[in-house]
Amino acid sequence: MPLKIKSKDQCRWDELSLGEVMLRFDPGDHRIATTRRFEVFEGGGEYNVARGLKRCFGLDTAHVTALADNPVGRLVEDLMYQGGVHQLVRWVPDDGVGRTVRNGLNFVERGFGIRAALGCSDRGHTAISQLKPDDFDWEEIFGKQGVRWFHAGGIFCALSEGTPEVAAAAMKAARKHGTIVSYDLNYRDSLWKFGNEEDFSAALGFEITGMDEHISSIEVEAFKQMIERVVKEFPFQVVATTLRKAKTATVNDWGAICYADGVFYEAKNRENLEIYDRVGGGDSFASGLIYGFLSGQGPQWAVECGAAHGALAMTTPGDTTMVTLKEVMQLMKGSGARIAR
Amino acid sequence: MPLKIKSKDQCRWDELSLGEVMLRFDPGDHRIATTRRFEVFEGGGEYNVARGLKRCFGLDTAHVTALADNPVGRLVEDLMYQGGVHQLVRWVPDDGVGRTVRNGLNFVERGFGIRAALGCSDRGHTAISQLKPDDFDWEEIFGKQGVRWFHAGGIFCALSEGTPEVAAAAMKAARKHGTIVSYDLNYRDSLWKFGNEEDFSAALGFEITGMDEHISSIEVEAFKQMIERVVKEFPFQVVATTLRKAKTATVNDWGAICYADGVFYEAKNRENLEIYDRVGGGDSFASGLIYGFLSGQGPQWAVECGAAHGALAMTTPGDTTMVTLKEVMQLMKGSGARIAR
Amino acid sequence: MPLKIKSKDQCRWDELSLGEVMLRFDPGDHRIATTRRFEVFEGGGEYNVARGLKRCFGLDTAHVTALADNPVGRLVEDLMYQGGVHQLVRWVPDDGVGRTVRNGLNFVERGFGIRAALGCSDRGHTAISQLKPDDFDWEEIFGKQGVRWFHAGGIFCALSEGTPEVAAAAMKAARKHGTIVSYDLNYRDSLWKFGNEEDFSAALGFEITGMDEHISSIEVEAFKQMIERVVKEFPFQVVATTLRKAKTATVNDWGAICYADGVFYEAKNRENLEIYDRVGGGDSFASGLIYGFLSGQGPQWAVECGAAHGALAMTTPGDTTMVTLKEVMQLMKGSGARIAR
Amino acid sequence: MPLKIKSKDQCRWDELSLGEVMLRFDPGDHRIATTRRFEVFEGGGEYNVARGLKRCFGLDTAHVTALADNPVGRLVEDLMYQGGVHQLVRWVPDDGVGRTVRNGLNFVERGFGIRAALGCSDRGHTAISQLKPDDFDWEEIFGKQGVRWFHAGGIFCALSEGTPEVAAAAMKAARKHGTIVSYDLNYRDSLWKFGNEEDFSAALGFEITGMDEHISSIEVEAFKQMIERVVKEFPFQVVATTLRKAKTATVNDWGAICYADGVFYEAKNRENLEIYDRVGGGDSFASGLIYGFLSGQGPQWAVECGAAHGALAMTTPGDTTMVTLKEVMQLMKGSGARIAR
Amino acid sequence: MPLKIKSKDQCRWDELSLGEVMLRFDPGDHRIATTRRFEVFEGGGEYNVARGLKRCFGLDTAHVTALADNPVGRLVEDLMYQGGVHQLVRWVPDDGVGRTVRNGLNFVERGFGIRAALGCSDRGHTAISQLKPDDFDWEEIFGKQGVRWFHAGGIFCALSEGTPEVAAAAMKAARKHGTIVSYDLNYRDSLWKFGNEEDFSAALGFEITGMDEHISSIEVEAFKQMIERVVKEFPFQVVATTLRKAKTATVNDWGAICYADGVFYEAKNRENLEIYDRVGGGDSFASGLIYGFLSGQGPQWAVECGAAHGALAMTTPGDTTMVTLKEVMQLMKGSGARIAR
Amino acid sequence: MPLKIKSKDQCRWDELSLGEVMLRFDPGDHRIATTRRFEVFEGGGEYNVARGLKRCFGLDTAHVTALADNPVGRLVEDLMYQGGVHQLVRWVPDDGVGRTVRNGLNFVERGFGIRAALGCSDRGHTAISQLKPDDFDWEEIFGKQGVRWFHAGGIFCALSEGTPEVAAAAMKAARKHGTIVSYDLNYRDSLWKFGNEEDFSAALGFEITGMDEHISSIEVEAFKQMIERVVKEFPFQVVATTLRKAKTATVNDWGAICYADGVFYEAKNRENLEIYDRVGGGDSFASGLIYGFLSGQGPQWAVECGAAHGALAMTTPGDTTMVTLKEVMQLMKGSGARIAR
């Protein structure tokens, strides 16, 4: 039974995400702890999906978030404008010093060879962690405007005790109006303070309510068995994840798997994929996968699209994709790395 | 009655400061809200004084502070190593996300012409705001090691309800061991949330306990009368401040005044001083002034030294001075801007 | 008789501009002819107005343009996303080498002191110069969606023999639906190949059809007499221009004058204004002026707002404004260049 | 029968090239469509050969080209001065906007891993595309001054309908005065608009008139058979090409083959060659090969020299070589990658 | 018989190095001979060891050196402050032009693929080459202050005819006070002007007086035999070296071996290690090895620590390590390159 | 009696200079002693004149110099290629460490406001300081090739005891063949170690043999009297100098005076000239002045041309001019700082 997705003419938005958008500080080929210069990008697990769907795949997407109203928040806004995603921002008045409300900051260095990528996030007391279920009019968004796909995730839900309620309110409205719901576990020890595996990047479960297990990337078979157990307990139509083995920070094996309606679909496995900046690879997998479903291609095409998009997104700095739909299609068709000119 | 300052052979440190050290983000000729690159420096009102006394004036100085133990805190450490000031740092374990403890961040753009310099500090929940009086062994520092001059200030005391107690504990130990105590009001609306003037940069009162008035820079006479009222109520030996009139962000009038033992000493007034980055000008005034007293020159020399050092410190990016004692002396002697080669 | 402007609830767009958006190459403190690095911005006389109204003044604006569909065009798109202006772009298929269709490029160095700013535009054969009147559905835009203010200008009309027809078609639809029309002469020798004065930056005439004179900035009186002659012949309600005297590339005198319903309104004259990058000063004057009228303030307020916004826009690199409404208001009130922190 | 090359004492120039020199824009580790900064280089298929022969191999070379006389053209001139090649430039008066005459621009990103290098050239209406056979005095150049080797190519001949005539006029004069003529097919779809293979980089045929086939790099044997067919039809003494297999943008297999007087000479095949910027690899092969013949080494040495030089040229950014003859010799001798210090 | 190392409470310094500190100029991804920009670091074979022990391993270290007192020397000082090593600098008065005294400069490019790293040092007539045995009070340093480990090396001893005497005087004082002495041969042709192998990076012999052989990295067995011959002749307790095979500038095989008390200990061999900047790898091996002995771990642990630290140090630009003890430990435990966040 | 200058058809070179070319390190808006990045340029008092005559004024010029043959020397060569001056370089074999032969380095920061520009040259033991009179074939250069104007100066003559002999040999040959000789005193304390004034930048005396006085810039009258004394003693036809008063590093008064055949010619005095980088202003004055004479304009035109060219050269970074003849002419005509586009 394929996913029943609302048609575009019923909806203002192809996709809507909910989550934090952080200011990412990138020290280039230096390290955070010794650099004298940072380049900045915007990024956030859920946001990256909306941005990828807009800028690579050409869909109309929007993002719900909150920011403190100061120059740093306005820089995040400036970066989001560049991202092209329609902004639904709750601007929280600044207190001048960052005591009561802040913007999320994310220092990430990309790693090299045996030196792993390293992140240091500074996201306490952020505007978004203080969000409440009725800060946005979900009925207006999902009912009047219309949304084909809603994407939320585990990072947002771990921000504070209140954020799961916000996600739940949004999901409830989404389901009420026939919007597909996806949820990226995106498990991080540092956020949840429990569990012990950390290396899977994106596990997409559609119409999830309470799943909080997480999956190691070690073996496809183990993963399949796990999914089979999960879907017995929870009524997921689709579950997907990337399968990454980080041989070094610079060379990864990279694959993906998608369970849909009782069948497993595997993307082509890319061995020894050259990695420039791994951050956001999983999010770009998610946006490629969602694009596959939204454009009516089957699960096999969708998982291939996700894996290819994720692979390409890791060839550039920053969390977010800089590639085009044409490039994703060419990679899916197996075109090599010949120069286009 | 001149200041009674302990001799160097009695003391390991010529000067010791107490206060926050923030990571300063500088967007160069762009603005915070639209830039894609930041250069980073370290800075902090009290710290800048210790750094200036070390790197420009060649004294042995130390700084007491606290940092969260993560790569951002280690970057501040790396910058402080560059600053050459001996570090007495309380390293607070990181929680991974910046909820319970953080490092202070300070986004500042330098302004140009009619566009004023702009700051946006993000310093809530910092390690140093959680400091307690007995986190450092003040008896060890002021008693055993010995300190000639202790410098604290209003920025630190405004960080939290607890920091004034820390400052008080340090000052008590300092006085017990004959250390001169100076206090920079460094009043900021955004920190204290009361009052309404904001443009004076440095008002040094030695052995101050509770002074919380602040002084506008408009008129020397008004300032003198105010000081006279202040010293009637409080037993200050010396009170000093810069007198700045910001015609534009790029051109300021710049002077300074120092009250000592009933007499006012005025530094040469520099009209139409060209400003590159005004931040830290007051702190460099303070370090030059303190150097004057520590080196046994009179108040007139000290206030001239402070004013010259502050003026030079505003010709370079960053909060802190990059000039040499020789350059300060040449400016005090009135040497022009001929190239030295 | 004040301008009759449609209300916001009747219109999707507060303002719509029509014109080229070029990729601006800025060599920083080097010169075009000897640099090894360029920073890039987007810019265009008419576009800058829409961008300023959006990002400084918070209005909903859109821009009609055309681009060749290649990575350079997509970079202009990426910059326009950052600009926040809704894009109505005709994407013209690329021929791979720039023979039949191109994107406009604009190399500009900002000048310093006695060395004037220098521009070198490379805008032949651009997608937009090939635009035809029916490439956009003006009835849809001005009728269905609704536009309060339409801004066009002389740069666009000089691009090719066909562009004046496009502007005329748009203006006709605008007038039909009650949209205010403004037109910036923005005269450039290099474009029109006739005339000989070049230093005025923005002459706004509302509801203009064929005005092609241009005004030197030398004297206010001469300018007033000229306007009086113009408004006798053409039915303009409002005519405005900046009055700039470039003492050096770095120091300009800067004022503005606005004629409305028979009265002249002059903005405060700013002598010796410090200039960082003069390009776009006139466009930012125009957006400030238009904001004044759109927000229902009188002509005096509008011309002051325009002059202040233009002055601030010249304190940063790039053609476009990076300031906030709050900063414009403060400058209009005469607040000095004190640091805000 | 070895090539009969004129001696140096008969000729002012060891080598003369004819072709466009473009301004290359390089976004570093970003992409063209999303960057905010470009580094610039000069480059052009034929020019790169003259530059390599001068700066790596120490020969006296000159280049014939045309440029629009504006700051961008002068930047290309500045870069060519850096290149050290004697300039024979036809400066075409600028029209101020790039309608009638322009300079060629080439936006190229270097690719990474599975993301291929990408080029976007903007070379329509350039000064050089308007060149006519008698714009240069070929008799003066080849007769009076003297040239040992003349190098032209397919890129130049594809620029306009007129450029083949210019090349023919130059070749005719060259042959008249005993100058060796080489021709790099350098086939590009985007220029010729026919054919469908694109990944060979350099196919050198000496004294070619009308060859317009092109060769895929897949198999040496197929290539040899093709050459054998070609040389039956056309009187070429030497035909050579690189053999590149782009496994990824970052790792290529790299070899070369040279047919001379009935015999095939193969350069050492370098598997898994690490590539930094592939653009210009073929041109540097050509300059190494030509150096081999000009210096009187045999075809085997020449093809090895070309392959080694090409390999080294791809380890740096920009189209052109930055290596020394000594480094080429060391690589040919098989010295490893030990540090020299 | 393990090394007898003095305890920390007897000594102010865990380690003290003696040697030159040069200003390193790094052209990034360009080459020295064609760049327009350099990034600067400080570096020096012996200094790098003290810096690594301080900043990675947290020990108290000091460095003895000399510099010319001019802005370049002060830049080296500024970089050493950043390095955190206590400075014992003899400042030699500058002559204004670099005739009688200079500071050492080291231009190094990092290489890529088949293009080897390349160094060009400019270290004649430096302040340190003029050092004399009694320029420092060795009795004060080794006797009163106390030093657990003294590190010298062949680079310093090759600087001039006088420097071996300085090293000898320091070693004599060290041995007198029970300080362990290590000596890095660090053989460079360009310095000693004899010999012919160049690719080994670090050969540590403890309490060496006159060893001047050097070891090729080719084969472990040959190396072991050589060490066995050496220790028969000289009374070394420990001899160690890295074993590097530079497949390309970007990929090396990397191992290390340590002889201690008659037994050979080998570190895990890392094949195909990805290299960003190889310079300083040997020095970081040395600091890791010394840390192992100073912290009382056995030779096996020490050689593993050295090899891991050296491997990590080559993943960042500059000569010196930017990693943490925690990262070294994780690599020793075999943790993969997963992102930490 | 006007200068008798050989015609161009008799001479290969319009002008030939003799002197050192140094690598200039520029820390931008940072200071030498605290920067982490340098931009590099080439520069040298005599060379700058040849470069200006070539790149601004379009003459054929050459430069005689010597360099050590290592990557740093090759970087200077690369920069000189960019400069477009024909190179007559004696390449001295490198010793690998800079003991016997080096290249001149010049660290210069540009100053700001009250902080003066600061230089730190490192030019001992350079290849050029070891030059001998017969290292170049002056008869070939001045006799066979032909030179219209020869320019030498005091910097070169101060490099070593031998360089005055080299200059004398060159001058002798020049005079023999009717070449005009000019000599820039360019007095620097740090080089000559005597005298005490330092702020004049260029004093041109034609056909000078032994003049070693120097002129302060204070007063035109005093300067005129001094010149009158000088020309009584020495047979100079022309003597010229700039008159600079450095109010701050950023604002100078700037004029020039030229004595020719008994008459004084003064350039327009420019008060409050905005200075970006003052270094090289005097050299650009010299090249403008020489161009005036070489192009047959009178002394008044020549001194105006020199003053204008020098003023423009100080608006860009680096020692050398980046302006065009057209810009110099416009400034001489009094055109303002309007933007050209």
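Letters A, B, C, D, E and F mark the chains in the order given here, with residues in each chain numbered from 1 onward.
Methods note: a residue touches a chain if its C-beta (ideal position, glycine included) is under 8 Å from a C-beta of that chain, and two chains touch if they have at least 3 such contacts.
These figures come from a predicted structure and were not determined experimentally.
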Task = Please give the intersection of the contact partners of subunit D with those of subunit E.
result = A, F
Request  = Compare the contact pairs of C-F with each of A-B, B-C or D-F and report the one sharing over half of them by residue number.
outcome  = B-C
Inquiry  = If you average the CA coordinates per chain, which chain's centre is most distant from that of subunit E?
reply    = C
Inquiry  = Of the chain pairs A-C and A-D, which one is connected by the greater count of C-beta contacts?
reply    = A-D
Remark   = Cα centroid separation, subunit B vs subunit D, in Å, comes to 60
Request  = Could you please state the distance in Å, as a whole number, between where the Cα atoms of subunit A are centred and where those of subunit E are centred?
outcome  = 45
Task = Pull out every residue in subunit E that's touching 2 or more other chains.
result = 31, 33-34, 36, 74, 78, 118, 120-121, 190, 324
Pairwise touch network: line, ring, star, complete, or other = other
Ask   = What are all the touching pairs of chains?
value = A-B, A-C, A-D, A-E, B-C, B-E, B-F, C-D, C-F, D-E, D-F, E-F
Ask   = Residues of subunit F touching subunit C in their complex?
value = 270, 273-276, 311-312, 315-317, 322-324, 327, 331, 335-341
Footprint of subunit E on subunit A - complex, ascending = 29-31, 33-34, 108, 111-121, 188, 190, 198-199, 246-251, 278-279
Inquiry  = Under the definition above, what is the set of subunit F residues touching subunit D in their complex?
reply    = 74, 78-79, 81-84, 324
Key: Residues of subunit E touching subunit F in the complex   = 25, 31-40, 70-72, 74-75, 77-78, 95-100, 102-103, 105, 107, 109, 118, 120-125, 189-191
